[in-house]
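Note that chain A is present in both complexes that follow, paired respectively with chain B and with chain C.
Right after this comes the complex of A and B.
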């Protein structure tokens, strides 16, 4: 953009009118938009619809040559079997919930401290340290997990919650620290000055003034860490050997291979239950997502 | 008034550094050492130094070169398609207000689906026998015999990429939707007064505002795809015939199926060097963005 357009002489006229009424609508344009947006909605929702409906069909209906569009006979059978004898689904679920939640809480705490230091600190290598921390996020986990396995073997962290939580936390820290730095940067320093005048010490300022103001930031960071941990397949697959200790991704992968490879109904029921916590986390922070992303500038995939 | 020096909070970054040094710093150093050794974990034999022979083996390893090619196809192919779909949807839903705005929320949902579930979903929908995609194509008369989506070396990569695109579109959609709000209203208004058509409005007025965020978003997604393990492993395990074996999958197989840590580390080192080039761009772009 070379030149900014000059303002119109009547500044209040166009701005106050809702944008939609100002659009010159041609019917064919509206039709094209409607078709493409509908296709977009279908593309986003059809797989999810298919997952939910399949999980509610009985085995006979699932394996029919011509799939039915909706379950003709609703059944909760697939869900019941998940909690039966054959699959340790409830222990997968428990392991996932415990490790992801604990990792989220720990990572948020450590990230908040790091973010405060990176935002307000006056030490000399601050910028450089921040860059190094950020750069570690792009390292391929799969390259690091080999040596990590050897360390965990020696320190007896294999097959433990501690090892998994440490892995998840370290994976989330670079992103979390930058995200928190972004949120803390947005807190005006004047507020801290005012609190100091009111007699607060450094710790008081941090815990009673700064962190409460970044509450959305803390939640957003936590939700991102939780989503990362919930999605992680590589760490539990390599750092956990016993099936009982597995989290959902590797546990389900092991369960639905071989004999149960084509138990689509059970697979989709497990998929539904695995999705619910992540959806809850995602939509809880959806409003803050853009700010979180630009602050930390990194996706939680 | 200058703030009083109270240096203790400078050290609050320390836990982060300690953890990263233990879980990321040390493994990097170890990777470099292992790459010059012959170390098969299960053999019970100690690691022995072999100089650069792992790197020589790598140079003559056709699977390595193929996995490098696959990584490039998977990474850049999915990003290009996802950017186009995400941009189109963002532009088309830009002015939706009132109850229509929930369309934007719905378009974000694939992001909230766990990666393992995405893999399962696409495995089921693209199953050669009971998959709904083959059934649909049969009904429409487009195919006469079932396509072996995930079990043929022709179709496995496109199918895995499609699953990846499905999860990536919401990310670009969100980035573009957010950036569109930063286009100043008076600029759009002035262009409208000048009777700018739909395409010149998009191309000359809006796209310049989207370029910066788009570059950062693409870079983030390239790195994510580069390191993507869950989707590919859960869908094809790199098969059939190495057609979906990316670098991640190959390194994983070498380290944890063949337990050949030395050779896996050599590939890891080459990979780290490639990533360093990316890292320089990445950090610079992100710093510009967070300013």
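Right after this comes the complex of A and C.
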């Protein structure tokens, strides 16, 4: 008999089944998943709901012994007072926006160069340097704040935007550099080599080829730095002592709590407004977020 | 235009050496194909010519100018990459114009060159598209176009057809040769596919384990392989090898082994500088074996190979018959014959004048 190669297109080849179909077959699994998802959503959304509803209640309703689930007398009073004469809320907002945005832009610019060098550079101890840079991230913020305070005291950077921006940027850089390295690692080397053959140098390739291809990475890194800076409580609390120069987190903490009374309605209204830029940044980059983190995770491969 | 010369080129990656004393001269306007199995160093050699890799030892010349320390961008080479290497964020037009802009050519000149190349390659309708909107063949054309608009001295191609299907590959082979004739640059083409090498190259370089094995016109490694590796690598199906003993009777000689007896013509017998009784390796190409009746072996047929059929692969009008000759595996290409079946004993007549003999130790060819 003549020997022939076996057929590869056998009829019993495995067929993939969509997840939804597989779940439909087991109702109890659907129920368990639904319960877990509902519990998770409640856990995450309940504080936000409470924050929003409290901000819309009047002071009397906020402090009632039996709390109300929703505002019985809807009011925008808390929001109005934020921009009144008594509180420098708009200064807090402005300080936060300026310092966080500038820190994000600077950190992204430096991270792009650092990430490119860590990814493509051919220099001794590149891997080791990368590890050391990442290791600095292990140090908790609170450990850094003491030395930073002393340095800024000597260099007259306390109570200035420059100091705060420098602090935010230096803390964000290790993570930013590694994140950009992950994104740049994902750019095929052949494309860069094609540009080298076309006559471009390292900087030309970075700006004309690599960075346009890692735009999602730049935005994701920028958003991470922005969120980090926006939420930072310790640095402004330590490095800034004038109320006018405070950013939102310490501003909210110190402006609404007094010795005898806490203005929960006002604090929640301020918290709502504080959250909006963060949520906007998050939704803008959520599509790239997982990709960005994955790229970073695979950087060593 | 430029010739390329490699003198004693060596390349190390840390403690691993990947190129050993490579000497090669590629003539002006020539289409040279570097062929070899994976890991033979052919791509490394191409990248060294391009300037994407530096040499650890030896010199690379373009014409009579040493280019060891000349940056890739200043070598006036254009390269087509295996995975095309197109810029995904640019249109086809921008991809092709990118290198010309770097050279600060006037805009009308860039436009003329891009449109000429696009016309030559049949991609004029696609100039506004992005690479992801193109098929594999179209992308390959864009990569070729990007190289030819530069009008380079040296044209380098790194396995450019390996991602295309068989039909498109044949089409693109002709396309590349047509482009080469049009641009007349010196071309170096790397492939692991010997069909591409044999059909495209003015000359071919066979590489193995970082060493240049043989350089010559395409038929030379097939007809006169310098060693056992080249003999086995060039030709499909591959040449079969038989461990034999050389016997001499006056000025006549033959080689024999279990199931094998091949008489050598007088000039071949004279070319082997070994006494009778020496061990040699005989190489037989599949197309040089003809099925004969077993009874004729030793009678009418003086040069033969006998063995047991292992597999028969029918291929339309002909078939490959894999035969076990006392442990050695030989493939014969014969006419379609349904009477040949696995486990059957068969005999093949072999033409002694086309048999290759190799030294058992050095593996170098005597014939």
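Worth a mention:
Heads up, the rule we're going with is that the second predicted complex is superposed on the first by the 262 of 301 C-alpha atoms of A that agree within 3 Å, B and C clash if a C-alpha of one lies under 4 Å from a C-alpha of the other, contacts with A are read in each partner's own complex, and residues count from 1 in each chain.
By our rule, a contact is a pair of C-beta atoms (placed from the backbone, for glycine too) under 8 Å apart; a residue touches a chain by one contact, two chains touch by 3 or more.
Not measured: the values here are computed from a predicted model.
By the touch criterion stated above, A:256 is placed in contact with chain B alone, chain C being left untouched. Using the contact criterion defined above for the overlaid structures, shared-chain residue A:213 touches chain C, although it does not reach chain B.
Touch criterion met: A:41 reaches chain B, while chain C stays clear of it. By the touch criterion stated above, A:144 is placed in contact with chain B alone, chain C being left untouched.
With both structures placed on the common chain, the touch criterion links A:178 to chain B but leaves chain C unconnected.
If you count the residues of chain A touched by chain B and by chain C, you find the higher number for B.
Shared contact residues of chain A with chain B and chain C: 1, 4-5, 193.
By the touch rule above, chain C contacts chain A in their complex via residues 50, 52, 72-74, 77-79, 81-89, 98-99, 102-103, 146, 150, 310-314, 338, 341-342.
Contacts from chain B toward chain A in the complex involve residues 1, 3, 5-13, 15-17, 19-20, 22-24, 26-28, 30-31, 34, 41, 85, 88-89, 92-93, 95, 97, 103, 105-117, 120-122, 124-125, 127, 130, 132, 135, 139, 166-171, 174-175, 178, 184-187, 189-193, 198, 208, 216, 220-221, 223-224, 226-227, 229-230, 233-234, 247-248, 251-252, 255-256, 261, 264-265, 268, 271-272, 275, 278-279, 282-283, 286-287, 289-290.
The touching residues of chain A, when paired with chain B in their complex, are 1, 4-8, 14-15, 18-20, 22-23, 29, 33, 36-37, 40-41, 43-45, 47-48, 50-51, 54, 62-63, 65-67, 110-111, 113-114, 116-118, 120-123, 129, 131, 133-136, 138-151, 166-167, 169-170, 173-174, 177-178, 181-182, 189, 193, 202, 206, 230-234, 238, 248-249, 252-253, 256, 262, 264, 267-268, 270-271, 274-275, 278-279, 281-283, 286, 289-290, 293-295, 297-299, 301. By the touch criterion given at the top, residues 1-5, 188, 190-191, 193-201, 204, 208-209, 212-213 of chain A touch chain C in their complex.
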